[in-house]
Amino acid sequence: MNWITQNLPYIFAGISVGGQYALIAIGYTMVYGILRLINFAHGDIFMVAGVIMVYASATMPMYVSIPLVILTTVVIGVMIEKVAYKPLRSAPRMSIMISAIGVSYLLQNLALYITGGLSQRYPTIPAISKTVTFLGTTTKVVTLVTPVLTILLVTMLVLLIKYTKIGIAMRAVSKDFETSQLMGIRINSVISMTFLIGSFLAAVGSFLYFTNYTGVTPTAGAMPGLKAFVAAVFGGIGSIPGAVVGAFIIGICENIIKGVGWTTFSDAFTFALLIIILVFKPTGLFGEKSTDKV
Amino acid sequence: MSKNVLTLSNVTMQFGGVVAVNNLSLEVNEGEIVSLIGPNGAGKTTVFNVITGVYEATNGSIELNGQTLLSNYPKGKMKKLYAGENKGLYTKTVVKTPDQITKLGVARTFQNIRLFKSQTVFENVLVARHLRRTSNLFTATFKLNYKEEAKMRSETLELLRIVGLEDVKDEAATSLPYGKQRRLEIARALATEPDLLLLDEPAAGMNPQETDDLTAFIHDIRDKFKLTILLIEHHMNLVMDISDRIYAIDFGKLIASGTPDEIQANQKVIDAYLGVTEDE
Amino acid sequence: MLEKSKKKINLTVSTILIILLLFGLYLMELFLSPSNMIFIVLQKGVIYALVAVSMNLLNGFTGLFSLGQAGFMLIGAYTYAIFTIPNEARTAVYQYFGGGLIKFNLPVTISIILAGVMAAVFAFLIGLPVLRLKSDYLAIATLGFAEIIRAIFQWNALGPITNGSNLLRKFPSLDSTGFSKWIQKITCDIFGKTGNVTGATIYAFIASGICIAIIVLLINSTYGRAFKAIRDDEIAAEAMGINLAKHKQIAFCISSFFAGISGALLAMYQTTIQASAFKSAMTYEILLVVVIGGIGSITGSCISSFLFIAASEWWLRFLDAEKYVGGVKVPFLRSGFRKVVFSIIIMAIVLFYRQGIMGTRELTPAGVWNWFKKTFIKSAPKKSKEA
């Protein structure tokens, strides 16, 4: 019991970070489900949302800048697909992955240029930056808001995928790209929709994530991005509930490790976990198995 | 009586709940050409994949020249799921990987041609000599194996001459016409020095003239390389012409076996191909 | 017979070119100022060429999409540094760790080889679980391992060996090897003074050149053919009796071995190293070098390394400096703009020029001669550039 009270802040932080990872992880898992592509640039889109927020909030009130950030992030995300991935759709898998790495490199360098390489102070979003006391622990409101908001958004997304026309199309495309194309599904709009949702959630995630940190740097997206990807693999790539569960597990474990005092290894742990999963259960917790035909 | 080269005993291959090959037993004797026929989806290619170790059979055993290539029984999830026969018959597990099986003398071609796309005709065959090398990484890198290397090259050239691809040896493998690609696949398989050659639909997509050529070609290489051949084919003319014996399967189960004449007269085979009219 | 004579031409011309090149480098060291940009480009370029070629062996020739290169370079760089820091300098370098645990030195050459061996040993251990994974999963797993390696080397508990997250320095650099003493002595004997000659560039070229030559030999051997077979079609390769696990492991370990050596050379070039520099961004850079040169082309990787380094360190430098033309500030030019332009160029190559500079072809003297004949002497028979 004593252990729990001592570690409660870390567990809270874990749940909160887990929710933020979950929002990013959905972008990875959906894109992978449809295009079989690890969108290496997704973490950087998340970072870009942070950078835009810094500049938007400097000149505009919160109620304008938040929607504006979401809108621009979504536009950038969809544009990237159109420019960098669409022309390579029939190319070997390696080419499109390299293109993703190239986009990541470009976004980081652009951010470096614009911010001048200095860490930019992230604005305080009044509603979620306040400090509250919960179960005897002091924490920011964002810690409590994140899991709730995450669950809410994910539920909406699952409903969207299950019941709407575009959702059904998405599922069909992820099952069989070519056949669904032949069945008259407009593949381009499905893919755009996927990137739209992914970027939207990444933007929301960035508000929650960066509120906990003092600033945004051009490489700030790389690590959370990779971790969210690991979460997606852990849950079974292509599966949205899987990504969410994976993200929470990773977020909590990572913060407990920090709590124990092994901060150096909190990143390494995530990758160790990744490798263990890939070796023993490559399909993750909820993934489906696919085999090559000889 | 000539000796057994390949023996399959009670081989069952089950994927999840689907039994693709069910309790199949067959044997192929030295120097024979044996065909495996059956309607589409009967499990013929699966049999090849099981023999060559691409799939691990769920139950049964496979022997090559008296050596066990595979022996397996339902384990793990399959314990409960297993729907085949002879469940308790095998207790030993031997699983050889495809490369080990090739080394022991089984070579194959593929139904949907699988050549090394970026390489020339010559290189495609040359790489198949790799498994008979005596050089190691060090001697190979520093060209201390130049004698063996020269021998590999001359043998490859000789093989290409025999199969009639010498004149196109420097062309990209995938630029060849379909029939020649099939021939190249056979040449590549021969380069591994097999005892048993498995041909998966070698005449697919060929016209009657090409099919006749292929029949002669298969006879020819059988005699020249002292091979035993097991083949899958849909061209019944070719099958009836070439085979010493035929096994017919449907839904993974053996439905008939015997000489071409016997198979042609077998009612079950006819039913399997033409379908049975029920009720009347 | 034509084949043989072509080989002979290639060999002779290559030898002559190499001798000329080394002599040229010597003359450059003799006559140019040591702060000339060309030396940075040549030294860093040739080290990048080695690591790019080692990555190409894996990604281009064996078809294993691995992103662990920075991790193996880190192992190499640290191994080299740890074993070569002079004993008298250790107290200063390991100031937070009581002078460190290791109290002995190894010669430079042996340390460089050991750097490769250590990287290969790590690669072997990492390869056991991850090489069974398919393309993109392999990429992410190797990337993950590189991050883990970085965390381990920065771990304070290993400080007595790795110096934790602090710099390692004072180890012999490119211009303070036995070779540079030798070449200075010779210069002194001939010209009566050593001038600016340090042999640094020549040393980097010889060390990287030997390594690249070994990789080329390997690729042209029966093992190299097996690697290419695996790249083209794993199932068919296995059916041809090629043991996938073993051959992938060989390619992975050898690639890492040379990445380790390039890490050691990079340490010698930089004179100080720190684990935090070996990020995944470094691997991405090397990957982009490989892509620009052409995945599956050794000469392509070499050419593009020099171009990459020259462009990023030299030719595009002006983009980073603010500039006024007639009192008006030129727009966009300021710190960081170079990298933006650079990444746009790279994206353009990735999207519109996917084959890179060389595709999968190689540049050989005979090939160049044929091309020359074809272009300038019209009557010559049509021949491909490939050799």
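Note that the chains take the letters A, B and C in the order they are written out, and that residue 1 is the start of every chain.
Everything that follows uses one rule, which is that a residue touches a chain if its C-beta (ideal position, glycine included) is under 8 Å from a C-beta of that chain, and two chains touch if they have at least 3 such contacts.
Because the structure is a prediction, the values reported are computed rather than measured.
Ranked by separation of Cα centres from subunit B, the top chain is A.
Distance from each chain's C-alpha mean to the overall C-alpha mean is smallest for C. Subunit B and subunit C, compared by their mean Cα positions, are separated by 44 Å.
Chain centres here are Cα means. That of subunit A falls 34 Å from that of subunit C. Centroids of subunit A and subunit B (each the mean of its C-alpha atoms) stand 48 Å apart. Within subunit C, residues 235 each touch two or more of the remaining chains.
For subunit B, residues touching at least two other chains, in rising order: 54, 110.
Under the contact definition stated at the top, the residues of subunit A that touch 2 or more other chains are 294.
Per the touch definition, subunit C reaches subunit A in the complex via residues 59, 65, 129-130, 132-133, 135-137, 139-141, 143-145, 147-148, 151-152, 154-156, 235, 279-281, 284-285, 287-288, 291, 295, 334-337, 339-340, 342-344, 346-347, 350-351, 354. On the subunit C side of its complex with subunit B, the touching residues are 214, 217-218, 221-223, 225-226, 228-229, 231-233, 235-244, 250, 296, 360. Partner subunit C is touched in their complex by these residues of subunit B: 52, 54, 97-100, 102-103, 107-108, 110, 114-119, 123, 126-131, 133, 135, 137, 140-143, 145, 149, 152, 188, 191-192. On subunit A, the positions that touch subunit C within their shared complex are 36-38, 83-84, 87-88, 91, 93-95, 97-99, 101-106, 108-110, 112-114, 116-117, 219, 222, 226, 229-230, 233, 264-265, 267-268, 270-272, 274-275, 278-279, 282, 292, 294.
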